[in-house]
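Below, each structure is written out as structure tokens.
Shared between the two complexes below is chain A, which pairs with chain B and chain C, respectively.
Let's turn to the complex of A and B:
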């Protein structure tokens, strides 16, 4: 019976239950004295505390409490370090600054250096005070590290043997600023005489970065004809490269380079026309995927001997319905499937493809958001699991079909109904007792089921379902409290 | 002279490859020249398996005529029990499969035989039979011995023992199935996943994609890459649920266990417990993920913190060269 009047009732129920996962789910809404009781349930046994410290779904508040209560337990600290949910506050508690130094300097520091919730001041302290190279490398890869921390790091390792490795990571870090990238590029130019390969890979990393300044692209393209192949391959993909530079690379012997050029949206039609007839299917595939294909190019590619070329063409939203019609009769099933997945595919064409001999093509129709009720009704008679999963998933499928599909022996098909955003309450009700725990778990967050429907899931035999159900009700109370 | 008894496994009248692997494992357990490897096959058309089971290392092939074409736990338990009584083998090897799980434990328990499951090393250490299996969720290897047990039943993990080459002419005998009342019946055979697609439980090299793939169009790039690399493209549950790859390609608790896989490249897969249940046993796992804290790295032999699209581009460049 669903009869809770307050958040306190929910917490009391979790306390009465005595289950660590229920306790973890309601911890954030518990009052002070209730929290103590919940902590007793969760942390009394070390085994339970270890399990919660490691579990990927443990709420941040619980992890935070663990970092305060159990910070001398090495096993728990290690699991907290590894847990990606561990909040910044817990990391500060464990690794914050104390008298200008990092509190801990252990082998775990590498885990904190790479953690996505590590506060910036902790990362800065690590860069300043930790000597371990692996830890510094971990900071260089952490996208949370800002340009200032990355700059500090580069200064810290300047003139050392690890500079190149750190600089390469920084060049790949999305937080790297244009200034840092310029500095790394200059270093790469300077060091090229010593190690050509290393210099090239550093410059490639810089040129690839979305913050790479325009002047570096111009600088690189100045020598593009003589540049290392890795640099050429990177430059040719850049839409900022001049047309002149692009044209100078079209005759390259390197098919990977030509593939990059064919995919470059800034490449002029003249070059694309040339690449259309390239001997390498890799290049032609890249051309076939372009959104700006001309009618004559499409006409040429439609009968390409490589089925991947035809498949990319069939997926291309730029092709006309007439082209799709022609490709729908392709001998290769993957091409026909690509037609069925194309958003421009007409109902008439979908109807034809729904009768395809290949089940994977019919499944593409069943998943197609443009499929009509009538088409889905016909596909519901199919025996193939992928087709029926698509029908179950499709928001246009009539409820009476969905009601039939929920009694399928195949869990995948029943799950399709749960994933259907148009599935109604009466359709989903019986799935609340589905034999597969994942299905019950997914239903906790259903928007059409009532709270009274979900309430029994708080006593589900599976701990993950119980946790999710308790967490759902805890969040509801939290939102309600915030609103008042 | 001692006897090592191997129970061959078949499904829908096709011999399962693990049967030949068991013969290889049995061969390694011969201590003396006169020790015998005896292979038994149970079913309604046992003769059809004679050519496939007449392979190097088999001394005797026993055919047990049973009133069922496919596996039946009661019949198999009664048949193997009678065989053990008759042949008194020191070791009985069964595949670690869903069939064996249906009767091996009761067989061993009822007669008090030594018993170990999912064994991947079996050997004699100073005359003591020792089986090695995983423990604590495959985190440690556990050695199991069987003091005082004259007969030990083991289920052997598939794809561990290399099949011996060459043929043989074993003695072929018939064995009468004891009277047994089966409590179950096979109503229908349902092949999980798409029937015409590749069986991912039998392939050795898998590339697998997860949520990191982003959108459906990107799947095609990885299909191309897998095709060029000679891999089979598989996926985690969300990809199959979205209809981007067939259900038959789904690895994990909701999908399949990739029993024969030797190399598994996980691309953009975070590594939920459910997914890892289908692939954590693979000897070489390569994980690529931008998140260094992704769970998949805890079981990977090689971990690469990188964008899967950069990786795809690099692999394509290398393969194209």
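Let's turn to the complex of A and C:
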């Protein structure tokens, strides 16, 4: 029975349960003396402590406690270093043990250098004081390293043989600033005489970066016709490239380059018209997916011999209903399916496609958000699992049909009902006892079920369901406490 | 009519693990236990026969192992097995697959089933011989890697399809009773219902000693086995390394490595 008066009651229940996962779920709301008892449950056996240190869902507070209480166990430390949930505080503690009880080897420091929660001051210390190249490379790839740390790192390796490798990682790091990218680009220019290919790959990495300054794009496009193919391929995708530079690349022999150009939304209609008739289907597929297709281009592509081109066209929301109607009679089922998935597909067309001989096409109709109640009622009589899964997922499906589908033997169909945002409480209630644990787990966070409905899940036979249920109630108390 | 399903609780390895002090196995703290994947399919095949038969069919699961194995046996009971038997004696520790086959055969002799199912192999040891050894001790016909089964309870013959190399299937008629080792994919194993799990928690698991099945400590264990594990270890990694730097630097490094090998 659901009868909780306080967060203490919930923690007491978890303590009584004696399960390490229930204990982990409520740890963050436990008071000091309760925490000690919970730690006894979670960490007394090495096997359990190892399991929690490794598990990707272990709450940060528990991992932090492990980093303090069990940091002399190398097995635990290794798992904490690897666990992406380990919080910044724990990472600092573990790094601070460098010269303490746990004698680290380089591979442990690499894990800290690449961890997404490593604090900036720790990364800075690593860059300043650690000599190992693999550790420094790990920092260069870490997206939490800021521009200052990355700058320090580049200075540190400035005269070393690994500069290029580190610079390439920095150029791919989202934190790299425009200044750093400019410096790397300049280096690539100077190094070109020594190793042309390495210089090109560095410049490509810089040009690909979101923070790449406009002047570097201008500089690169100045010699675009003579540039290495990798640089041309990158530049041609950039919407900042001048029309003149784009036009100079349209006749390239390289189909990857032409595909990039066809996908560039800044490319003018004149160039797209040229690419429409490209010999490579890859290029024509990219054209067919463009949102700014003209009527004449659509008319040309509708009869393309490559079915992928027609499929991209059928998915394109820019095409008219009349074009969709024509494509709905395509001999290739994937094209008809694409029509059924198009948001502009009419009810009349959906009704036709609902009778398609191919189950994948009918399934696309069942998933279509424009499908009417009547159409879904008809599709609910289908025998195919994918079609019925679509009906179960669709928010327009009547509740009485959803109620029928929850007794399906196919887990995919029942899961469709759980995922249906319009499924009502009375529909979902019996799924709380579904044989597939994942379904019960998904229902813990349902917004239509009451807390009293979810409460029995705290005693579920599956540890993941128990953990999620306890965590759900713990969060409720946390929010409640914050509000008062 | 009875079907005996031999199941095993297997150990999966944690990503990072330590080898036991005696060097013969992995430290137990790093092992994650679960029912062998193949055995889920064996049990499902038995359950399919039970549920489609007009005659009464009893499905009995049997396993050899310590107390912790009860958890896996309860999983089988939750899925619908009628009875569960666990055989254990400390003397069994260290037994090889053939010795385990002897124990399972002894249980089969006592239970007198019409069919014995086992998984093709266990995911942790991969001997793929326990089922076949059981058949040998029973002196029953056997078939390995069964991917399809047509069998009427009580019939004296069954038609099976065995999975061979290159996607080939071999259709075989086999005399019953027989021991079949079941391949993955033969069916779609069910999940245990919550009701089944609750009921399984209350069902007894029959604990059987060696003496109960007419064996003694002298028949089992490492000393009586035909093979024994000498050591378990992780082989040394290769010496490949990435050479970084400019082309000139890479060339210089290669020359340096060659000179080191030559002793220059």
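We adopt the following convention: the second predicted complex is superposed on the first by the 473 of 484 C-alpha atoms of A that agree within 3 Å, B and C clash if a C-alpha of one lies under 4 Å from a C-alpha of the other, contacts with A are read in each partner's own complex, and residues count from 1 in each chain.
Here is the rule we go by: contacts are C-beta pairs under 8 Å (C-beta built on N, C-alpha and C of every residue); 3 or more make two chains touch, one makes a residue touch a chain.
The structure displayed is predicted, hence computed values, not measured ones.
Clashing of chain B with chain C is the outcome of superposition onto chain A. Of the two partner chains, chain B is the only one touched by A:114; chain C is not. Using the contact criterion defined above for the overlaid structures, shared-chain residue A:386 touches chain B, although it does not reach chain C.
When both complexes are overlaid on chain A, the residue A:46 reaches chain C alone and has no touch with chain B. Counting residues of chain A touched by each partner, chain B versus chain C, the larger count belongs to B. Contact with chain C, but none with chain B, is seen for A:461 once the two complexes are overlaid on the shared chain. In the superposition on chain A, A:164 makes contact with chain C only, while chain B stays out of contact range. By the touch criterion defined above, A:447 reaches neither chain B nor chain C.
Of the two partner chains placed by superposition, A:244 touches none, neither chain B nor chain C. Within chain A, the residues touching chain B in one complex and chain C in the other are 82, 411, 436.
Contact residues of chain B toward chain A in the complex are 190, 192-197, 216-217, 220, 224, 240-243, 246-248, 250, 253-254, 274, 291-295, 305, 316-317, 320-321. If you check the complex, the residues on chain A that touch chain C are 45-47, 50-51, 54, 75, 78-79, 82, 133, 161-162, 164-165, 191, 194-195, 198, 411, 433, 435-437, 460-461. By the touch criterion stated above, chain A contacts chain B in their complex at residues 56, 82-84, 111, 114-116, 138, 141, 233, 255-256, 259, 280, 282, 285, 308, 311-312, 315, 338, 341, 358-360, 363-364, 366-367, 384-386, 389-390, 393, 409, 411-412, 415-416, 419, 436, 438. Those residues of chain C lying in contact with chain A across their complex are 14-16, 18, 28-30, 32, 190-197, 244-249.
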